[in-house]
C-alpha cells in the first residue's frame, strides 16, 4: 500500500475528522483533532499496517498556535511506507489522548513530550518526567521557558 | 529461556509454598555493567529477576534546547555528543535533515558522498567493535575487549588523520564534508580493511565460538519480532529478531544503492531467534559487510569538490520541516528539524535508536537471572548519551 | 545411546572451544611484538610530529601579526570560549596586527571543545589548532590561555608557525618585486 | 629442620609449666616463615597475573616500579596500607572486621600440611588430605561473613554465590581426593609424594588411564574453589560490582586479595603433591643424586614444587584471561551433572584398576609387568588429550596479520 492509498483510505474512513492533508510537503502529513487521534491511530495500525511509531516530536509552534505533536509512523517492511500525523493543541488545554496501548514505544515518547513540552497524554499509565529531574519546574522546550536561577542551591551559570 | 521463565513465575511469592522475600535492587547509575549512567530498578527473587524498570535521564544535556540556541553549523558538533561512539553517523543524520530542507536542487558532491560512506562505515565498525568488546566484558571475558579496542584504536587514528579528532568529529557538514581526504589516507583505510578481516575470524574463535559465551547468550533475552517492532527497536536489535530492516537497503540514502552488501539477520543459531547471541552475531557480521562497503567505496571514489557551493558559510536553511533517518550503528537515527528561515533552527528533535532499544528491557528480562540481565543490557548496546540526549 | 553421545558431545564441544580460545590467547602472549601499548613518557617514543596527525586539533595558536581583530572566531565559537579586544588606533601595550591593535585574546580551554569552528572562518587564516594536547593543571585558571603572550606550546607548532611566517615574508617580498616589476616599464 | 610432628607435639605438651610459652614459640617459629611465604606468593602471583593478562591483551602491563614493574605490587600494598579503613554505616562491625581474617585463616592453615620438600613440612599429619579438605572450606565462612556484614545487597549476592559454589564444588574435589587416596592407600602428604618417586610415569597423574581425567576434574574443581574465572561468580565485577568485598578497602581488602592468591597457590601445590610427583623432578637419577644430601634434596625439592605450582597458577591465569564467566545455574549444572558423575566413574574405575593391577610403586623398587601397563595407558591418555587439543587449536585458529601501512604510522 502506497502512501497515497493510505491517505485515501484514511480520508474515506474519517472524512471530515481529518482536518488537513499535505502530501506535497517534505514530510507528508495528515492532521486531525486530538479527539480523533485514538481512532485514527488504531485504524492506521490495524488497517493500514503502520506498525512502527518511529518518532514522536513535540513542537512549540509559538503564541496563537499552540503545541503540536508529530507522530511519524511507518510500516516495518521492505516498502517502509510512512506518514506523519500532526495534532495541534492550545497551550491552555494541551491534552492529547495517549496511544501507548497502540504502539508501546509511545509510552516513553509521551513521557518525554510531557517532560520537555508539557503536552499531557490522557490515559497514559505513568506520565512522569523521564529526562529532567522529577522536581524540575516548567517544560524546557517551550519557547517561553525561562531557565531557573538556581536548582537545589546550584547556581545556573548559563546566561 | 521460556521454560525457565515459567518456572520462575511458579517460584514467585504466592505461587510456591516456601515463602521467599523479594529484594529491590538498585542497579546503577554507577554500575560497571550499565554502560553509562543507566539506572535499573530490579525486583529480584534470589538470583531471578522478577521485574525491572530502567530510569534514564542522568545524562540529559538538553541537546534539543541547545540546538534552538546555536546556529545550524554549531549544532552539528552538538550531535557528536549524542551517540558519541558513532559521531560520524550523527553528523550525517543531522546534515541530511538540514540538506533535505534545501530541497532536491541541493546536490551533494560525489566525492563528499563517498567520503561520508567510508567514514560512516568505518565508524560503524568502530562502534560495533566497542559493542562486542564490552559485551564480552559483560559476560566476563575481558581479553576480547582489549582486542577490539586495539582495532578500534586504529580506526580512531584514521579519523584523527582525516578530521583531527578521535571521537567528536564535527566532520560531516551540511552540503558535504569539512576537509578533503588525500590518497595516502585512502590507502591507509585500504590497509586497515585487509588487516581487519582476519581479526573478525579471531573474535569468532575467541568469543562467538566459545561454548561458555554461547551458553551465556543463547536463549537469553528473547525479543520477538513483533515486540521489537512494537517498541520501535531498530538496527541490530531489530535485525537480531530476524527482521531484515536496514535503511541502507530499504530507503537508500546518500549513495548506498551503489554498493553491494547483505543485511545480516538473527537466525537463532544456538537458540531462539532474537536472543542475545543473535543480536551479538548480527553486529559481528555487520562489521564484515561494512568492510565490504568501505572497500567498494575506496575502489570507486571520484575526485572533485567536497562541499556543495549552494550552502554558504552562513547556513540559513529554508523554511520548512524535514524528518530524515539514517541507519546508524545502533539503529535508525532520525532528526526532525523545523526551520523558520533563520540561521538558528526553530526546533530539532532527535529520534534516538537507543531510546527505543532500552525501553524494551523490562519486557525481555523478566524471569531471567541477574547475570542474564547484564547480558541483555549489553546486547541492546545502548549509549546513554543518545538515550538522554 | 543418543543422549549419552549428546552428553559427551557437549563436553567435547566445551573443551574444544576452551582450548581454541586458549590457543589464541597463547599466541598473543608469546609474541611481544604484538604489544600495541607504549609506556607513557617513554624515551623511545618518536617526536610528537611523527605520531600526531597534521590535522590534530590541539591547543590553538595564533599568528598575532596577521590577526585583524575581526571577532569572527569569537562569534563562530559555539561555547563562547574566545574573548578578544582591540581597536584600529594604536595604543600602548597593544600588539600590532595587520593594521590592527589587539589588546586581548583570551582562550578558555576549560570550555573549549576543539571543534575547529574558530579556525575555519578566519579571513586571515591566523588562528590554528596546534599539536599540543597536554593541558592538565592544578587550577582552572591554568586552562585560560592568553594567545598574545603564550606562544605555540609544542615544538611542532612553533615550527609550523615559523613556516607560516616565512611564507608571509616571502609572499610579501614577491608581491613587492612584482609591483616593482610592474612599475618599471611604466 | 627435620621435625616430626609427633615429637613436636610431645615437646610442646612435655612440660606443664612452659606450655603456653612453648606453644607460642612453635607457632611463631612456623607462622612467621609461612606468613612471609604467603606474602611472597601474593606478590609474585599478582605481578604474574598483571603481566600475563597484559601480554595476552597486547599490553605492556606495569612497567614503572622496579624492572618490568616487579615492585608494583609492593607499591600497591603500601598504598592499601595507607588507605583509610572504611566500615560502612549499618555494617555488622565485628563480623566485618573478622571476615577477612577468617577468610585468610582458612588458606593460611592449609599451608601447615603442604610439603615443600622431603623434610619441609610443618605437620606431616597422617590425615593430611582430609585435614586440607576440611580446612579448605573455612574460607567460605569468611566470605559469607564478609557479604553479610557489609550490609550491601551486591555483597550479599556475592557471598551467597560463593557459598553455593564452594559447597557444591567440594564434592568433585572430594571425589578427586578419594581417587588419589584409593590409588595411594594413604592420606599422608609425604608418603604420597614418596610413592611418586622415580621416573615421571610413576606420578599419580599417569598411574592409570583414569588419573589424567581425575586430574582435570580436580583442576576444574579447584578453580571453582578459589573462585577463579570462569567460576569467578562471587566477585563478578560486571554483575555484582565486586561481589563480597565490594565494601572493603585498605588493608582488609588486601587481606582478601592475599587470601585469594594464597588459595591459588594452595590448590596448585596440592595438585602437584597429589598428581605431579611433589618435590621429585620426575627424572630418577637426578632425584637419587639430590636425595643423597638432605640439604640439596630439600632446596631443590622446594624449588621443584614451587615451579610446578607456579606452572599450574599460570594456567589458572591463562584460563582466566581467555574465558567468559559462566552463569550460576550453568555452574551448578557443570558440577552436579557433569563433574560428579564423571568423578564417580573415575573413582570406581581407578579403584578397580588399583585392585586388579596393584602397583607396588617405586619405593619398593618392585616393578611387575602389569602395573607398567597402567602407566603406559595413563601416559597414552595424557598424550592423546594433549595432541587432541593441539589438533583442535591448529585446525581452528586462523592466521592473522599485523597492521602494516607505508603511508602513516598508526
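Every chain is named by a letter (A, B, C and D) in the order it is written, and numbering of its residues begins at 1.
The rule is simple: contacts are C-beta pairs under 8 Å (C-beta built on N, C-alpha and C of every residue); 3 or more make two chains touch, one makes a residue touch a chain.
Quick caveat, the model's predicted, so the values are computed rather than measured.
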Worksheet item: Minimal path length between chain A and chain D through chains that touch?
Response: 2
Fill in: Between C-D and A-B, the pair joined by more C-beta contacts
A-B
Response to the item:
Ranking chains by how close their C-alpha centroid sits to the total C-alpha centroid puts first chain B
Item to complete: Mind checking the centre-to-centre distance between chain B and chain D? Centres are C-alpha means, answer in whole Å.
Response: 44
Worksheet item: How far is the middle of chain A from the middle of chain B, if each middle is the mean of its Cα atoms, in Å?
Response: 24
Worksheet item: Rounded to the nearest whole Å, what is the centre-to-centre distance of chain C and chain D, using the mean of the C-alpha atoms as each centre?
Response: 52
Worksheet item: Where in chain A do residues touch two or more other chains at once?
Response: none
Worksheet, complete the sentence: For chain B, residue numbers touching 2 or more other chains are 143, 150, 157, 161, 202, 205-206, 209-210, 212
Worksheet item: Counting only residues that touch at least 2 other chains, which ones in chain C make the list?
Response: 16, 18, 20-21, 24-25, 36, 53
Worksheet item: Pairs of chains that touch, anyone?
Response: A-B, B-C, B-D, C-D
Discussion item. For a test of understanding, state which residues of chain B touch chain C in their complex under the given definition.
Written reply: 70-71, 73-74, 77-78, 143, 150, 153, 157, 160-165, 168, 170, 178-179, 202, 205-206, 209-212, 313
Worksheet item: What residues on chain A touch chain B, complex-wise?
Response: 25-27, 51-55, 57-60, 70, 72, 76-80, 84, 103-105, 107-108, 116, 129-133, 140-141
Fill in: chain A-touching residues of chain B, taken from the complex the two chains share
56-57, 60, 62, 64-65, 68, 100-101, 103, 229-232, 238, 243, 245, 247, 250-251, 320-323, 325, 332, 334, 336, 338, 347, 349, 351, 355-356, 359, 388-389
Fill in: Residue ranges of chain C touching chain B (in the complex, touch as defined)
13-14, 16-18, 20-21, 24-25, 36, 53-57, 76, 78, 113-117, 120-121, 129
Fill in: Footprint of chain D on chain B - complex, ascending
23, 25, 31-33, 47, 136-143, 146-147, 150, 154, 157-158, 161, 184-185, 187-188, 191-192, 194-195, 198-199, 201-202, 205-207, 209-210, 212-213, 215-216, 369-372, 374
